[in-house]
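Next come two complexes built around chain A: one with chain B, the other with chain C.
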Partner chain A sequence: MTKPKITFDGQTFEFEPGDTIMRAAERAAIDQGIPRFCYHPGLPVAGTCRMCTVEVEKAPKLMTACSTPASDGMVIHTQSERVRKSRAGVMEFLLLNHPLDCPVCDQAGECSLQDYNYEYGPSTSRFQEDKRVWVEASTKKLSDRLTLNMNRCIHCERCVRFTEDVTKTHELLMENRGWKKELMTADDLGVFNEYQGNIADICPVGAITFNDFRFKKRVWFLKPKPSLCDGCARGCSIFADEEKNVVQRYRARRNDQVNGHWICDAGRVSYHTYSDPQRVVQPLLRGLAQSAPQATTWETLITWLLREMNQAKRVLLLIGTDASSEEAANLMQILPSLTRGELVIRSWNGTGEGVQSSGDDAPVDKILRRRDQTPNTRGIEQLGLHPLAARDGDFDVALFFRSGRATLPAQKLAAFEIAWGVFNQSESARFAAVLPGLSTLEKAGSYTNCEGLVQTFEAAVKSHGHAASVKKILDGMRTMMKAHPETAEREVARDFV
Partner chain B sequence: MAEKLLTRYNDTPGSHTLNFYRSVNGYQALEKALGMTADAVIDEVKKSNLRGRGGAGFPTGMKWSFMPKAPVDANGVAKPKYLVCNADEGEPGTFKDRLLLTQHPHMLIEGMIIAGHAIGASRGYIYVRGEFVRETQRLEAAVAEARAAGYLGSQVMGRPWSFDICVYRGAGAYICGEETALLNSLEGKRGEPRLKPPFPAQVGAFGMPTCVNNVETFCAVPTIITDGAAKFAAIGTERSGGTRLFCVSGHIEKPGVYELPINITLRDLIAHCGGVRGGRKLKAVIPGGASAPMLSAEEIDVAMDFDSLAKAGTMAGSGGVIVIDETACIVEVAARLLKFYEHESCGQCSQCREGSHWLARMFQRIEEGGGTDADLDMIAGICSNMAGQTICAFADAVTGPALSSVRKFRAEFEAHVRQGCCPLKPADYVPSAHIKHHASARL
Partner chain C sequence: MTIIVSRKETFWDKIYLPALAIGLKVTIKQFYRTLFRGESTTIQYPEQKRIYSQRFRGEHFISVDANKTENCTSCYLCQTVCPAECITIIAEERPAEENPYGVRKEKRPARFDIDALRCCFCGFCEEACPKDAIKLSRNYEMAKLTREDTIYDLDHLKREVKGRG
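Presenting the complex of A and B:
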């Protein structure tokens, strides 16, 4: 059966039966020519902003693309004079009472109101009356994560529909009618769902802002880098927005296979782990009579490490389930050649109330969040690794590799515990040495999410400080072994433990 | 004047009781209708040329015939059909439904049961305007009487058909007179009009096929069934049958509800009501409730049926005729009406929410003497950005008084601009509190 066809501005495209004009336009990848405020592909259609009107041949009135069903043979004009006049009218109405405080508005630069007014709107205002001013609601806490400025609101109600339809928590609603219509939280309870950041994301203007990013950066300085959130086993697609190699925020990146349009709040603020000033980004080694490891050089550290590993009878390599599959495979392949004793390799998770394997994982809610708060449990399991168990016995040296998500094992793993990867200062105290590694943002690799989907990612930023990739450290170790096969006997590390 | 069909017993004490209604052959139309097939009832209503009395004037029989015969859901389970009576009479200048609810509730109930039979409904809802507290009480008493007498319930008049009526009082929003906003409100949601399609006949109250009619429309049904469609149709025009309840108010000698043939001219109607108050000169008439564009004194030789008024550039609307004499300031009239619309816009659509507010404030400024010629030129442009651009017809209604007042009485507006004040007000005039609503736009 042939598919129905629709014509946009002279070009004909196929669409699926049941599509609206907007969906058909999205399918044809020409939807950016249809401006919208209330329409969002992840929310139910409201049809109220009237910005997406298009001219449909043979229809007397302009039709809203978001709500009008597409039909076979429809001929649509998205930029006709009538359409542009209507859009100019909407823009004029929406800006009547808008404060035009773009210089201090966080949304500036990614604001639909700005973009569409530049495209369609009038350049001057004919409005002579006093602007409507919400005095109290000009800076109103909707929760400890969201701030509302009602004066900027254009009443598209995306936020209301998000809490009704996506989180089904119904915290937001409109009170009063007409020009006094005001966004409120139900029973003044505030917004309490775990996906609030999305509300700020979908607000087309600067009415609702996410406190974590509020007044932090002008968005035009940010470069969006596609990445993956490593906050749980879901592996949501994100944009890591960075400026000068510093990530300033995460935003959801649409991925219909995984997270749709949304990410959770815990994931959204998880980037703080990597920019934490307490993060260890220098090689550390504990000296004699020192209670915590101190800064050293990579050369010293690696020499010491090789010696310890060669002298040990039983070595544990504990790989966190937040390691990328490539890192884990690399470690499993190379480390056996660098130790003379018995090398036991196990996995470690420890998040979400004792999750160790993918079997312990479960959804936390009906949307995205998982109990397993590491990104690659499935991937590590596919490499044949099993979680550490009591029957694995005692070790002389334990190497614990993780990427900042897996928990620290509560039990002491061996006489010498060595940390490798992303750790912070307070965590480093128990370790004899710390090899600073890369976070998800700083490396490329792949994670296998809770549904078994393998997702690759690229580095969003360059590495911090002296932190180095697994491959680079392993290469360094091998080079040193080749150049100085006697390394194991050398006593360069006499001053150290 | 022609015979009264609906309001014959207006002045009879106790006209709202079942006993009285039965004594004047009440519920005999129901008996007759139940003996007819549903299609025969719809045909009879079609032949009567009855058009919806709520405002849009849609042919009632045709509306009923749009109801699906045997609707089923996705699983093939039969869906119930609902009948809704729109008693949210809120159009400024309209007060006919209130009279019918107070004096003739059984006529409404009988009309609804007949309509329920015609469309195969299992339940009827009467959505009453929030402010109508006593009307609701009387209606509820009448429903209880009808139920006790076996006209409503699991076996209507002993027949194997279950139909009952539920009276629901709104919360006082004008927009809930719009049928889809009414349905939302009936379901306990915000009273905001729905996107169409789907139309209520497909997805109405609680997601079920629903037919919504006005009080007066239902009240006309018993007489059509009893006396036949031909008699009803003979009264009006070819395309619009019967009498209509005109609500005449404003500067008129004898204001009130008048039941007259639908095609009476506006001039005759005003004369019938005793003429302009105090013998003063007529300035303007709003012929069909506040949303209808005004007619000037020269334009009143027009018949009051739907088509004639539409041809004259206005509308028959709800039948609310507001007479305005020479002592009234048209700018003030328009400003007051626009204040009403500003207050009642539901606020969904951008153009309506912001535009009604803009126009209301601008008209008030002009009335207070702060207007400019540029303002007057701008009004038509603002209105053209509003009308026909929104989900419901509210935005069009806002432009009714705004556009017609400036077009037909521009000289009066210009006088305000030139003199910097309202020329019809005494120098020491203090605007009343309800007009001084725009002192602050701070919320």
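Presenting the complex of A and C:
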């Protein structure tokens, strides 16, 4: 059976039965696209903004592309004179009361209103009267995460539909009609769902802003880097927006297999873990008389570590379930050759009130969030690792590897505990040494999410300070083993005994 | 690679004295003008100052309103347009109690630093500024004793400048 066909501006494309004109146009990826304010692929169609009107041949009036079903043989004009005039009219009405505060507005640079006005709208205003100004609602807290500026609102109701259809919490509603239409919260609780950041994302103008990013950066400085959120076992696709090697925010990246268009708020702010000024980015080693590990060099630390591992009879390698599969496999392959004793390898998770394996994991709500707050529990299990059990004990040296998400085990693992990966200063006190490693943002690798989907990711930023990848550290260890273990040992003996 | 250009010297060039006299003529002329007719080319600089054009671009300042609040709303346009990358802004929300202006000035610069040693005084920043906040005064006396002093912070930039200084 042949697929139905539709013609956009003289070019014919196939579409799937059931598509609207908008979906067919997106599928065909036509050049200029169809402008939209209220339409969002993740939300039900409302047809309120009238920006997406197109000319359909044999139809008496312009049709809204978002709500008109496409049919076989339709001939559509998306850029004709009539269409452009209609869009210019819509833009003029929207801009009547829209304040000219782009310099203050955070949306400037990614604002639909700016973009479409540049393309379709009039560049001057004929409006002589005073603009409508909301005094109370000009900076109104919708919750501790969202701020509303009603003056900028264009009444597309994306936010209302988001709370109605995605989170199903119904916190937002529009009160009054026409000129006085105002976005309100349904009761004093404000917005309380766990996906509020998406509301700020889908707002086509700067009416709703996310407090964590509010006034922090102008968006034109940011470079979006596709990445994965490591906040839970879901592994949502995100854009990590960075400037000068510092990640400024996460945004949801569309991935219909995993997260659709959304990410949760906990994941959205999880980048703070990695830009924390307290994060250890310098090799640390504790001398005999010292209570906390002190900054040292990689050479000293590695020679010390090799000596300790060489002398130990039983070594524990505890791999956090937030390690990428590649890192875990590397460690499992190479570490046994660096010790003469017995090497026991176990996994560790401990997030979400004691989750240890994928069996303990469960969805927290009906949308995205999971109990397991590490990204790669399934992947580590596929490598054949089991969680640390109570009967495992009696170790001389314990290496704890993680990349920032897994919790610290409460029990003391061995006489010498060594941390490897992403730790912060306050956590480092119990360890004899800390080897700074890379976080998800700084390395490439793959995670297996809660549904068993393997997702790869690339580094979004360069590593901070002296933090190094697992491969680099293991390579260094092997080179040092081969070179001159005896002199290295003497050096360490002089410094630290 | 060096290019050697040789010039053929005549007899009068070689004896040198006529050329000296021609040069001295200019000196004597200037000497006469300065001493007897008061037509000096130089000025007594710190006491006496040259008048520059009204459009001269000198030391930066940020204009303030009647309440001494800066007009800057940290839109970062000057930082964006600056070819020397000498402007660094950190924005924050103006506390509600200090903000009689409402949305118009809800954002303010927490820090606004201009590295005057990097600045090339092109004036793009004042051209880009939508609030007419950053301006270049006509002050050209910008010598400082330390490098730290040449990084202008917000307090320095908000100093009083009448007209264009």
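Definition applied: the second predicted complex is superposed on the first by the 484 of 497 C-alpha atoms of A that agree within 3 Å, B and C clash if a C-alpha of one lies under 4 Å from a C-alpha of the other, contacts with A are read in each partner's own complex, and residues count from 1 in each chain.
Throughout what follows, contacts are C-beta pairs under 8 Å (C-beta built on N, C-alpha and C of every residue); 3 or more make two chains touch, one makes a residue touch a chain.
Everything numeric in this text was worked out from a predicted model, so none of it was measured.
Colleague: Figure out whether A:Ser67 sits in contact with chain B (first) or chain C (second), or with both, or with neither.
Modeller: Once the two structures are laid over each other on A, A:Ser67 reaches chain B alone.
Colleague: Which chain, chain B or chain C, is in touch with more residues of chain A?
Modeller: Of chain B and chain C, the partner in contact with more residues of chain A is B.
Colleague: Name the contact category of A:Thr53: first (chain B only), second (chain C only), both, or neither.
Modeller: After superposing on A, A:Thr53 lies in contact with chain B but is clear of chain C.
Colleague: Output check: A:Leu96 vs chain B and chain C. Expected answer is one of first, second, both, neither. What do you get?
Modeller: first
Colleague: I'd like to know which partner A:Arg126 touches here: chain B for first, chain C for second, both or neither.
Modeller: First partner only, chain B.
Colleague: Taking the superposition on A as described, I'd like to know which of chain B and chain C A:Lys181 touches: first, second, both or neither.
Modeller: Touch partner of A:Lys181: chain B, not chain C.
Colleague: Just checking: does A:Glu81 make contact with chain B only, chain C only, both, or neither of them? Give me first, second, both or neither.
Modeller: The answer is neither, since A:Glu81 touches no partner chain.
Colleague: In the overlay, answer first, second, both or neither for which of chain B and chain C A:Val135 touches.
Modeller: It touches chain B and chain C both.
Colleague: Under the stated touch criterion, which partner chain does A:Glu353 make contact with: chain B (first), chain C (second), both, or neither?
Modeller: A:Glu353 contacts neither chain B nor chain C.
Colleague: Do any residues of chain A touch both chain B and chain C, and if so, which are they?
Modeller: Correct list for chain A: 135.
Colleague: Enumerate the contact residues on chain A facing chain C in the complex.
Modeller: The touching residues are 99, 101-104, 108, 135, 138-139, 149, 151, 214-216, 218, 220-221.
Colleague: Name, in rising order, each residue of chain A that touches chain B in their complex.
Modeller: Listed in rising order, the residues of chain A that touch chain B are 37, 45-51, 53, 61-62, 64, 67, 69, 85-86, 89-90, 92-94, 96-97, 126-135, 137, 154-155, 174, 176-182.
Colleague: Chain A touches which residues of chain B in the complex?
Modeller: Residues 173, 175, 190, 195, 197, 342-358, 361-362, 365, 375, 378, 384-386, 388-391, 438, 440-443.
Colleague: Once bound in the complex, which stretches of chain C touch chain A?
Modeller: 73-77, 80, 91-93, 96, 102-107, 130-131
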